[in-house]
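Shared between the two complexes below is chain A, which pairs with chain B and chain C, respectively.
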Partner chain A sequence: MKTLEFLIQRLAKAAFVVLGVVILNFLLIQLAPGDPAAVLAGEAGAGDEQFIAQLRAQFGLDQPLYVQLLSYLQNILSGDLGYSYRNQVPVADLIMERLPATLLLTGSAFVFSLVLGIVLGVLAAYKRGSLGDSLIMTGALVFYATPLFWVALMAVLVFSIHLDWLPPFDMESIGAGYTGWARAADIAHHLVLPTVTLGLFFTAVYTRLTRASMLEVMNLDFVKTARAKGVPKGRIIRRHVLRNAILPVFTFASVQAGQLVGGAVLTETVFAWPGIGRLMFDALMQRDYPVLLGVFLVTAAVVVLVNLVADLLYRFVDPRIETAG
Partner chain B sequence: MKKSSRLIAGLVGLAGLTLAAAAGAQEKPTPGGTLNMIAQPEPPMLMVGLNTQGPTLYVGGQIYQGLLSYGKDLKVLPSLAKAWEVSEDGLTYTFTIQEGVKWHDGKPFSAEDVVFTADKFLREAHPRWRYIANTYIESITSPSADTVVFKLKRPFSAFLYAFELSSFPVVPKHVYDGTDYRTNPANQTPIGTGPFKFKEWKRGSYIHLVKNEDYWKPGMPHLDELYFRIVPDAASRAVAFEKGAVDVLRGGDVEGFEVRRLSKLDGVTTTTDGWEMYSPLVFMQWNMRKAPFDNKLVRKAIMHAVDRDFVVRNVWFGLGKPAVSPFASTTRFFSDDVSTYPFDLAKAKELIAQSGVKPQEHTIRLMPIPYGTQWDRMAEYVKQQLEQLGFKVDIRAVDAGGWSQALSEWDFDITFNFTYQYGDPALGVARHYLSTNIIKGTPFANNEGYQNPAVDELFLKAASAVDEAEAKAAYAEVQKMITDDVALGWLFEQRNVTIMRDKVKNLVRTGIGVNESMDDVWIAK
Partner chain C sequence: MKPITPLLKVDNLSIELPAGFDRKYAVENLSYTLEAGEILCVVGESGSGKSMTANAIMGLLPSYLKPSAGRILLKGRDLLAMSEAELARERGRTVSMIFQEPLSALNPLMTVGEQIAEVMLVHGEGDARSRDERVLELLDYVGLPDPASLRHSYPFRLSGGQRQRVMIAMALALEPAMLVADEPTTALDVTTQAQILDLIRRIQRAKGMGVLFITHDFGVVADIADKVVVMEKGLIVEQGTADDVLNRPRHPYTRRLIAAVPHPDESATRAEAAGEPLLEVRNLQKTYRSGGGLFTRPRIVKAVDDVSFTLRRGETLGVVGESGSGKSTLGRCILKLTDVDGGEIRYRGKDLVPLSQAAFRPMRRHLQMVFQDPFASLNPRHTIGRILTDGPVANGVPMDEAQKKARDLLALVGLDPSAYDRYPHEFSGGQRQRVGIARALALDPELLVADESVSALDVSVQAQVLDLMQDLQKKLDIAVIFITHDLRVAAEVCDKIAVMYRGAIVEAGPPAEVFNAPRHAYTQKLIAAIPGRHWNPRAAVA
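And now, the complex of A and B:
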């Protein structure tokens, strides 16, 4: 019962947070110089006042700001994300078309970095002070400090151009006409480089967190007791230490999960991945307000939801934590 | 002239025949195949009548067609019109349209479509055509199913140049008449008369066009499919070409330093042809309403202080030609009998001294056009040169929206800009100098605020000339005047390079280059 109450309370708060985000974004966007009509006139290579006026009227930009905001909110509440006049497509369609690609990429990167990070962290803690530990921690430090786009470019240079193992960009072989499992394999092949690129930073974070947390727990009394009882070392690490050390990793994982939708702009650009991050970036450059607001809304909703789920999951990860509003 | 060519033809007759036969056998188009290209940046739509961005024309040019096309020498060529006739007084233009043309949905194409395009669609939606239509056109009629007649109010010497794809894409009347053109759902599934039909657009990934089996030129197109890939990162685009994922790079697809490297790869051909109709000319644009740019001597000094050879060689990797006139040297009325401003810093400083302007009192906001690193490098160079004259310079970085807005609202000191010439000065050049075109709302008008009644008059005279020699004389005079006034700071004529694999044949055939229908393009096996 307590959980349900907590859930309802949080959902209500979440709705307000999302609404606040929408209003704030709407107002912030207005501060950027240039509107979609100006951008289109610039791109058209010509234009006159009538051209701009036609566009503004069509985009609804000739209305006072509060009217635009109110009608936008009204549309949002009735489930309509608006219409991109620039692309002549409903915003919801644009987002739904691009969302799966992003979720596939960020989801893969999430799993990749979480699994690899914890495994490496445990190994490093287990063999503390050994050569393996040094290697892992040096690697983690390097990828923690290296900018993402540089890693991406170097990965393309090595694995695509020199070794020719992996495709340098795109989500699948265009025009190959694969279906079923052949298509899945093709996409998986294309997925490797962007996933690794996107995941390396978080892998490094998880590795460092896991190792530090493990070492801390390993010094606690109950581990000594277990060891004194003669429990095998591997079992101690697995059952006693890791379980108690996982909490900081979980916290950070929930942060990464919050970025599932909006956090891959750079990777998507370098690897020509048709995801939502690039949709957002292009929309920003083109001042395509409805698309931009739509992406912000979806991103905010995902962040809020993930946080909610994470808060609920804490109780399973560590039953000592009680849910509280 | 005719006689001598006949003689030569006779002499080389035999040899020529065998050579031609050999060449013909070698050059016989292979049918089939897929051509991979890049659309950069991803166009918002493919409806050429509503959007005239570069990539829109590139892709849309395969779906839609203009009434006319233009050769590399800017000769007028047939497209959807097979013949045209101009009356003696220059007031009546009669076009005969091609027979047997069908829209992609199977409906027949007729002169009615051309009338609708000219009189309704483009007049409503296309700023450049609207100006021409409202200023010069008296009536547009189709007396028979295959003729269209334009009657003008007064002669317009550039009129035959106003029918290129980007100015006059013919649109289907049965799809658009009576609808709101901009929100018509057909904009998503474009219907034209071109050699390729729209198949699929996976946003962020690719645009897929397929062969139009009912195309009006017999035996064409040769290719089966076209893919325009969306690759947002410049380095990745170079990789795409290197790895063979795409066969063609359009001018601007990759950075200048990559052009040099990719051109040297094995099995790669390059050409700077195919931009004659557009001939982009780059200039510094200053706000003449403000000090110090209201002072002619200052403008002259700046021209002398900027080494255009250096800019072309070192910033643009040689892909250009220093400009001497507001007209591109590739266009018909270009004259080099103008005031020139060779690089001479001493002279520039002297002019500043004469002008009475104290440069240290002026902080100039330099706003580079946000189109890539080369423009940024050029801004840094110009900043350095202006500082040598004693000015203080702030570079004001903006994105495309900010640039367009600031320039359209005249809120700038100095920026870079460029103009497409569209084959005739009346279409591409005059708009930057006519005082009647000092309008807000577009970055491509007379945003600098230049006013000279004599220039206005000469441009008008040239535009309404019936005789070409008369137009030429007026344009020569106008070039002298504008260069003496230094209305803008002309920098260079861009030379865009199309890079392609050797196997791609016949790609660049006319003055509109890759925007031309690729009906005769083929891939050697």
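And now, the complex of A and C:
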């Protein structure tokens, strides 16, 4: 009952947040220099005033700002994200076409970094002060400090060009015509480099977070109680220490999960991954504002949704958290 | 005749401290025995090494501490020679332990039932079903209500006393021959403490267990001990039967500790304070509201409920109550550290309640507070001199005058003048509390609110600080509101006692009257719960 009440409250708040984001984005984008009509006309090779005015009228760009905003809001509320200036297809279609690729990439990176980060963090804490601990923590520091694009480029250089183990770009082999499992394997093969590249930074974060949190929990009284009960060391680590140490990791994981849609622009660009990030990047370059606003909207909605889910899950992970909090 | 092996025999145990500590051994040449069916109390002040011996028995010493000599024989087998795996088999099965802090000793993310069942699980006892049955049986045995639903509760839902009962249930799960209890009642209210002590004694009798009970409280010792070991700075200074040690202490350290045990002096009558009332509190109300959203009703707690009293110059009022009774809130209300919901606080006839914070600020210097935690209440980055001069300087006293005053105050509270340039971490708890008192006195207050100001201190230090406060009060003729959970302390130092229960003063009067003829049922319960009531420490060292 309390959970339902909580959910309703939060959903109402979330709707307002998303609405605010939409309005803010719409207004901010007007501040950006450059005129979509001029860009389109330029690309079409016809730059005369009349053609530009015609384009403006066609897209409603000649209306006052508040009229444009109102009609945009009206469209969004009725589920219409608008029409791409450039591609001449509905924005919703464009996004839906690209979304699976991005979710596959960011989802894999999420799982990869979470699992590897926690395992390494637990190992480092368990073997505190040993050579293994030093190696893990040094590695974590290196990947924490190294820029993502550089890791990506080096990975392509080493694993694709020199060793020829992994394909350097795109999501599947073009023209190979794989189907079923063969296609899945092909995609997985292409997925390795971008996933690892995107996930390494968060792996480093999770490793450091898990280790620090484990060491802190190991000093708490109830761990001593567990030892006094005669619980074996392995079980103490699993049941008592890790279970409590995972809470801050969970908090950070919900931050990463919020970036599931919008966080892979750089990786998608480097690896030519056909996802939302690249769609956004191209739309920005071409002043294709409806597409850009659509991507922003979806990104904001995902962030809000993930936050809501994380707060709900928190109440299962930690029974002490009450709805009111 | 074959000699009977004692349950536990600690034989010449020494634990070396790493270099850089103030002494070479945490404990040195410790020897004592514990028989089955016996309660052995290890008494000492903080830093005496009393907990160290308990941890050594359980193999729970921190990694940098290793026993360097001696043996710990449990039923004739040397625990120090056992491997970690062997030791893990004995823990929980032959010997189990309960701890001081029931709030942190349970895993917050496991239900209490799971935690009790885990003892049996890791020792391979029974199957899931028989373990469940045993959990219910144990919860019932330690006197917890409704075991069937309670076992699914998480620890945060339980009170301190209930959690300590869960700990005891856990310790008893495999019916160990021996129980180690490290200050198990120190963090509890006095009535809860009485219940837990009673429970431990009852179980110990019923099961014929040997109990090693670590405590700093001689009252507790008087209530439960068969044998006593007194420790000072890692050494045993005296041991013997409870009767011998409590009533005929030989070692000067034991005598000093026993002399410091607060005990109401029943013969003494105090001169009635006369003159104008300094502080009059009338019908004070304070209500806390928490929670409450769009759909939920707020939780309302009456923290201070219609409280009235009068305090004169040079008088000490003891406000006594258990945790949650509203005694600290009352202190905060009087100093306007929190808003009140109704009533009057008349200071020299002027009502403080309607004053704005700005209008009250010039009066603040007359009303000062000494806090409970001597570690948290002093800014660690300020020198003692800065701490003592900040207040007066903020009130417009010239710097050199404030400095001179600060040095005088250090002498007044019995600290070395060199303390002026040092930082709080260089002092012990008792010394810091002296700084706290000096800080409050720096502004020449007329009223001092001391909120549990001696609770965190060892008994001998507590006695010194209490003496100091009484001495200063006489010298400076200030009024003191002394907030405490300890009736014994209140009875010793106060002119009047007010007993608080659920926000209201249920009984008030001179200490002798409250102590010897309590009228309210709650006061009666509180006094009955005082540990060591039937033992007179004054007679022991007379």
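One rule holds in what follows: the second predicted complex is superposed on the first by the 318 of 325 C-alpha atoms of A that agree within 3 Å, B and C clash if a C-alpha of one lies under 4 Å from a C-alpha of the other, contacts with A are read in each partner's own complex, and residues count from 1 in each chain.
FYI, a residue touches a chain if its C-beta (ideal position, glycine included) is under 8 Å from a C-beta of that chain, and two chains touch if they have at least 3 such contacts.
Computed from a predicted model, the values in this text were never measured in an experiment.
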item: Which superposed partner A:Leu200 touches (first chain B, second chain C, both, neither); value: neither
item: First (chain B), second (chain C), both or neither touched by A:Arg243; value: second
item: Partner chain(s) touched by A:Leu292 [first = chain B, second = chain C, both, neither]; value: neither
item: Which of chain B and chain C A:Glu5 touches, first, second, both or neither; value: second
item: First, second, both or neither for A:Gly42, with chain B first and chain C second; value: first
item: Touching partner for A:Thr269 - first (chain B), second (chain C), both, neither; value: first
item: First, second, both or neither for A:Arg227, with chain B first and chain C second; value: second
item: Partner chain(s) touched by A:Leu105 [first = chain B, second = chain C, both, neither]; value: neither
item: Complex interface listing, chain A residues touching chain C; value: 5, 9, 220-222, 224-233, 235, 239-240, 243-244, 318-320, 324
item: Sites on chain C touched by chain A in the complex; value: 58-60, 84-85, 88-93, 96-97, 99, 101, 104-110, 118-119, 122-123, 154, 156, 167, 170, 291, 293-296
item: Residue numbers on chain A that touch chain B, as the complex places them; value: 32-35, 38-54, 58, 85-89, 94, 97-98, 101, 153, 156, 160-161, 168-171, 174-175, 269-275, 278-279, 282, 285-287
item: Chain A contact footprint on chain B (complex, rising order); value: 34, 36, 41-42, 44-45, 51-53, 127-128, 130-131, 166, 182-183, 187-188, 202-206, 208, 225, 227, 229-233, 235-236, 239-240, 242-243, 245, 398-408, 420, 431, 439-445
